[in-house]
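Structures follow.
In the two complexes below, chain A is the common chain; its partner is chain B in one and chain C in the other.
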Partner chain A sequence: MAKEVLISGCAAAAQAVKYSRVDVICSYPIRPYTAIMMELAKMVANGELDAEFIHGEGEHAQLSVCYGASAAGARVFTGSSGVGVTYAFETYSPISGGRYPVQMAIADRALDPPGDFGSEHTDAMSCRDQGWLMGWAETPQEVFDNHLINYRVGEDRRIMLPQFVCHDGYFVSHIPGKVILPDQSQVDEFLPLYKPLHPLDPKHPVSHGPQIRPDQGAIMDLQRAAAFLEVPKVIREAIDDFNRIFGRDYRPFLDEYRTEDAEIVFFLQGAHARTARFAVNHLREKGLKIGLVKLRFVRPFPTEEIQECLSRFKAVGVIETSTSYGGAMKGGNLIHEVRAALYDAPERPLTTSFMAGLGGDVITIEDFSWMAEKLAKAVKAGKVEKYVYWVGFELEE
Partner chain B sequence: MAEVYEVTVWTRGVSMDKEGRDVVSALAKAADREGKFVQAFDNYEDLPDRVGVPVRKYARISDEEIVMRYNYENENPDVVVIVDAALVKGVNVLRGMKRGGVLVVNTNRSPEETLKFIPNKDTLGAIACVDADGIAGRATVDFSGTEGGVDASGLGAGIAAPLAGAVAKATGVVNLESLAAVVANREALKRGYEEVVVKTI
Partner chain C sequence: MFKIPKEREVPFGGIVPAPVGENRMMVTSNWRTYRPVIDHEKCNMCLNCFLYCPDACWHEDEAGEKMVWNADYCKGCLICVSECTTEALSPAHELDFEAGVVRLEKLF
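Now for the complex of A and B:
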C-alpha cells in the first residue's frame, strides 16, 4: 500500500533507490548528500535492501567502483556533492562513453573557496557536457520520482547512458517534505530489472574500455550524440507511464505555472521554483501578467520545447543558480542554452539572466518582485538593459 | 502572506541533539494532526554539530501554506525553548524574538530566579520553567536525523516530552491531545503540561 511520509530529499532519494532494487551502491561522505548513503547503509545492514554496499576511498575511486560494477551488469547507485562531484570528474566521460547507465545523485553544494555548505548548481552544471542525463527536483517528492524516471530512461536499450539526478542541497536535501511512498508493485511495473547488453562474464569474455586509435574516437562521440537524440522520445514515454502508474501530472521537460496569459516568465530549475510559484501568485495579485517555466532536464536540453514555449512570452528572466565566469552572457550559465535554443524561433522573447541563490543564498519574494520589475521594464523599453543582473547587489539609479 | 508561528529550540550538539529535534518534531506533527501547515528542521549552519556546542532546531506552524519553506532560520520566533538551562548564559537566545514572546526553559529554578540570567527579558510576554530533566529523567541520543536522515528511534521518549507539554500549556499553539498522539512518553508529556510554572511579564 502506498503511504505518505514526511522525509528529507536525502531520505526520499534513498527510498527511491531501495524501490529500484539496486545491486551495487558505492559511497563516500560529503555534506549535504551524505544522508542518502546513511539511509542506504542502514537498509542494507538491517536486511531491507539486498545490495552490495561499498565504501570508496574518495570520489574518484567511488565512481570507478560504479564503472566496474555497471560493466559487470549491475544496477548501480552513487552520489556526491560540491567538490566531491568535481573530484570524480575524470570518470564521467568513460562511464557515459562506455554506455554504462550508472545513476548518481547530486545534492548541490557550492564549490570552494572558501568552504560553503549552501546549494549552488555549479558543481553539477560543470559536468553537464560529460554525456550524462541531468535534471533537478523542486521537492523531496520530485527527488523520489526523478530517481525512478532516470533509471528507466538511462537503462533503455535505445539510450544506455548514465544519469545525474540533482536536487538542491539543504533546501531539498535536508528540509523534510511530504513524499508518497508507492507500492513496490507500482515501481516494478514502471521499472523492470536491468538487463545489461554485454556484461563482463568469464564464460563469455568481452572487452570494456580498451585503448582505441584516434580515427576511432569520432565515431564513439557520434554514437553518444546520437543516443542523446533518442532521449527526448524515451523520456516522454517514461513520463506518460509514470503519470499513469503513480497518478502524477508531470510534463516531460517544461513544467509551466500560470502561464496561460503571461507576458513575462521566470525560467529556472530546482528548489527555488517553489518560492517562485508564491512570488508569481503575489505579483499576479498586483496585476502583473507573470508565470513560471521550470526546466526538468537540462541534459538533454529541450530545444524545440523551449522554442515553442518561451516564444509565447514577451520577456523571460533566467534565474541562474550556477556561474559561467567570462561567458558570452557575462556570468549567467543557463541563459546560454536558452538564447541558443531561441535563435531560430519565429518570435523571440527578450531574455536576461538573474544571478540569485548563489552560495546557497535564499531567494526571497522581494527578490522575485525585483526581478519581475526589471522584466516589466524591459518589455516597456523593447530591450533588455543588460545580460546579467546580480540580485541584491545592483546599485539603483 | 499568512502569519507563520515560529518555535526555536536551543540545544547542545550531539549529546542533546535528538532532544532538541524531538521538541520541534513533536510540535510540528501535533499541529499537522490539527490540520495546520507545518515544518520542522535543523539549523543547517550550526551543523555538522560538535559535542556540546549550541545548535538550533526549528518548527513552523501556519494556517496556510508556508511560503518561505526554503530558508535557513526562524528570524522572529514566537517561542524559544531552552533544552539546557546553562545555554542562556553564553548565548542571546532571544535574538529576533517578537515582543511578547514566550521563553520555555528546562530548569528546576523558579521563573524569577531564571529571569536574572536573561539580559533582554523585557522582550518577553511570559517565561515558563519546567523541570524536564526531573520529570523524564533521561536524554535520548540518535545521530541519524541531524544530517537529513531518518531518526527511526522514536519520538519524545526523553526530556522533549515534558518540554513539548510545557510549550502547549504556555502558548496554546497545539493541544495536549494532539501531542499525546505523537509522543512516546505520554506520562512525562502530561506532567510537563501540568507542572510547568508560567509567569506573565
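Now for the complex of A and C:
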C-alpha cells in the first residue's frame, strides 16, 4: 500500500534506491549527501534491502567500484557532493563511454573556495558534458521520483547511459517534505529488473574499457552523442508511464508555473524554484505578469521545448546557481544553453542571467523582486542592460 | 543517421570478447624498477598474489602446482609481496638481472 511520509531529500533518495532493488551501493562520506548512505547502510544492516554495501576509499575509488559492478551486470547506486563529485571526475567519461547505466545522486555542495558546505550547482554542472543524464529535483518527492525515472531511462537498451540525479544540498537534502512512498508493485511495473548486455560470465569473458586506436575515438564519442539524441523520446515514454502508474502530472522537461499570460519569467532548476513560486505569487499580487519555468533535465538539454516555451514571453531571467568564469555570458552557465537554444527561434525573448543562490545563499523574495524589476525594465527598453547580474552585489546608479 | 567507415567501426561501448592471448604491441612493464621473486619452496599456493595483482601477472601453471609470473606486464608495484602469506615472495632490483628492464636498449 502506498503511504505518505514526511522525509528529507536524502531519505527520499534512499527510499527510491530501496524500491529500485539496487544490487550494489558504494559509499564514501561527504556532507550533505552522506545522509543518503546513512539511510541505506541502516536498510542493508536491518535486512530491509538485499544489496552489497561497499565503502570506497575515496570518490574516485567509489565510482570505480560502481564501474566494475555495473560492468558485471549489477544495478548500481552511488552518490557524492561538492569536491567529492569533482574528485571522481576521471571516471565519468569511461562509465558513459562503456555504456554502464550507473546512477549517482548528487546533493549539491559548493566547490572549495576554500571550504564552503553550502549548496551550489557548480559541482554537478562541471560534469555536465561527460555523457551522463543530469537533472535537478525541487522537493523530496521529486527526488524520489527522479531516481526511479532515471534508472528506467538510463537502463533502456536504446540508451544505456549513466545518470546524475541531483538535488540541492540542505534546501532539499535536509529539509523534510511530503513524500508518497508507493506500493512496491507500482515500482516493479515501472522499473523492471536491470538486464545487462554483458553479465559477468566465465564462459563468455569480455574486455571492458580496452585500448582503442585514435581513429576509433571519434566513433566512441559519436555512439554516446547518437544515444543522447534518443534520450528525449525515452524520457517522454518514461514520464507518461510514471504519471499513469503513480498518478502524477510531470511534464518531461519544463515545468511551468503561472505562465498563461506571463510577459516575464524566471528560468531555473532545483530547490530555488520552490521560493520562486512564492515570489511569483507575491509579484502577481503587485500586478506583475510574471511566471516561472523550471528545467527538469539539463542533459539532455530540451532545445525544441525551450524554443517553443520561452518564445511566448518577452523576457527571461535565468537564475544560475552555478558559475562559468570567463564564459560567453560572463558569469553563469545555464544562460549559454538557453541563448544557444533560442538562437533559431522565430520569436526570441530578451534573456539575461542572475548569479544567485551561490555558496549556499538563500534567494529571498526581495532578491526575486529585484530581478523581476530588471526584467521589466528590459522589456520597457526593448533590450537587456547586460548579460549577468550579481544579485545583491550590483552598484545601483 | 550516421555512417561509419567499416575499418573504423567500434563495438557498442568498446566492449569486446576477452583476448585469448597477449598484445605484443602493448608490453607495459618497462617502468618497473623492482620485481617480485618467488621461492617455490615457501609458496603454499594460497593465490593471494593472483587475487591482488592489479595487472593479472600471476597465474597457476597448467599442472596447478606452482605460480607463474608474467614479466611483460608486471609494473613492479609489489602488492603481491606485501600480500604473500608465507613470505615466498621478495622484491629484487631490476639491475640484479641480466635482462632487467632498466637495461633495455630500446624503449617501447
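FYI, the second predicted complex is superposed on the first by the 397 of 397 C-alpha atoms of A that agree within 3 Å, B and C clash if a C-alpha of one lies under 4 Å from a C-alpha of the other, contacts with A are read in each partner's own complex, and residues count from 1 in each chain.
Criterion: a residue touches a chain if its C-beta (ideal position, glycine included) is under 8 Å from a C-beta of that chain, and two chains touch if they have at least 3 such contacts.
Remember, it's a predicted structure, so these values are computed and weren't measured experimentally.
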* Asked: Which term applies to chain B and chain C once both are placed on chain A by superposition, clash or fit?
  -> fit
* Asked: Who does A:Pro205 touch here: chain B (first), chain C (second), both, or neither?
  -> second
* To do: Treating the CA centre of chain A as the corner point, state the angle out to chain B and chain C, nearest 10°.
  => 110
* Given the touch rule stated above, what does A:Ala315 touch, chain B (first), chain C (second), both, or neither? -> neither
* Based on the superposed arrangement, let me know which partner A:Leu254 touches: chain B (first), chain C (second), both, or neither? => neither
* To do: Report for A:Ile219: first if it touches chain B alone, second if chain C alone, otherwise both or neither.
  => second
* Asked: With the two structures placed on a shared chain A, what shortest C-alpha distance in Å links chain B and chain C?
  -> 36
* So which positions on chain A get touched by both chain B and chain C? -> none
* Asked: Any idea which chain A residues touch chain B in the complex?
  -> 6-11, 31-32, 34-35, 38-39, 42, 117, 168, 170-177, 271-272, 274-275, 278, 282, 362, 364-365
* chain C touches which residues of chain A in the complex? -> 97-100, 160, 197-198, 204-212, 215-216, 218-220, 222-223, 226, 229
* For the complex, which residues does chain C have touching chain A? -> 1-2, 4, 8-10, 12-19, 23, 26
* Which residues of chain B touch chain A in their complex? -> 1, 29, 32, 39-42, 44-45, 48, 65, 67-72, 144, 147-150
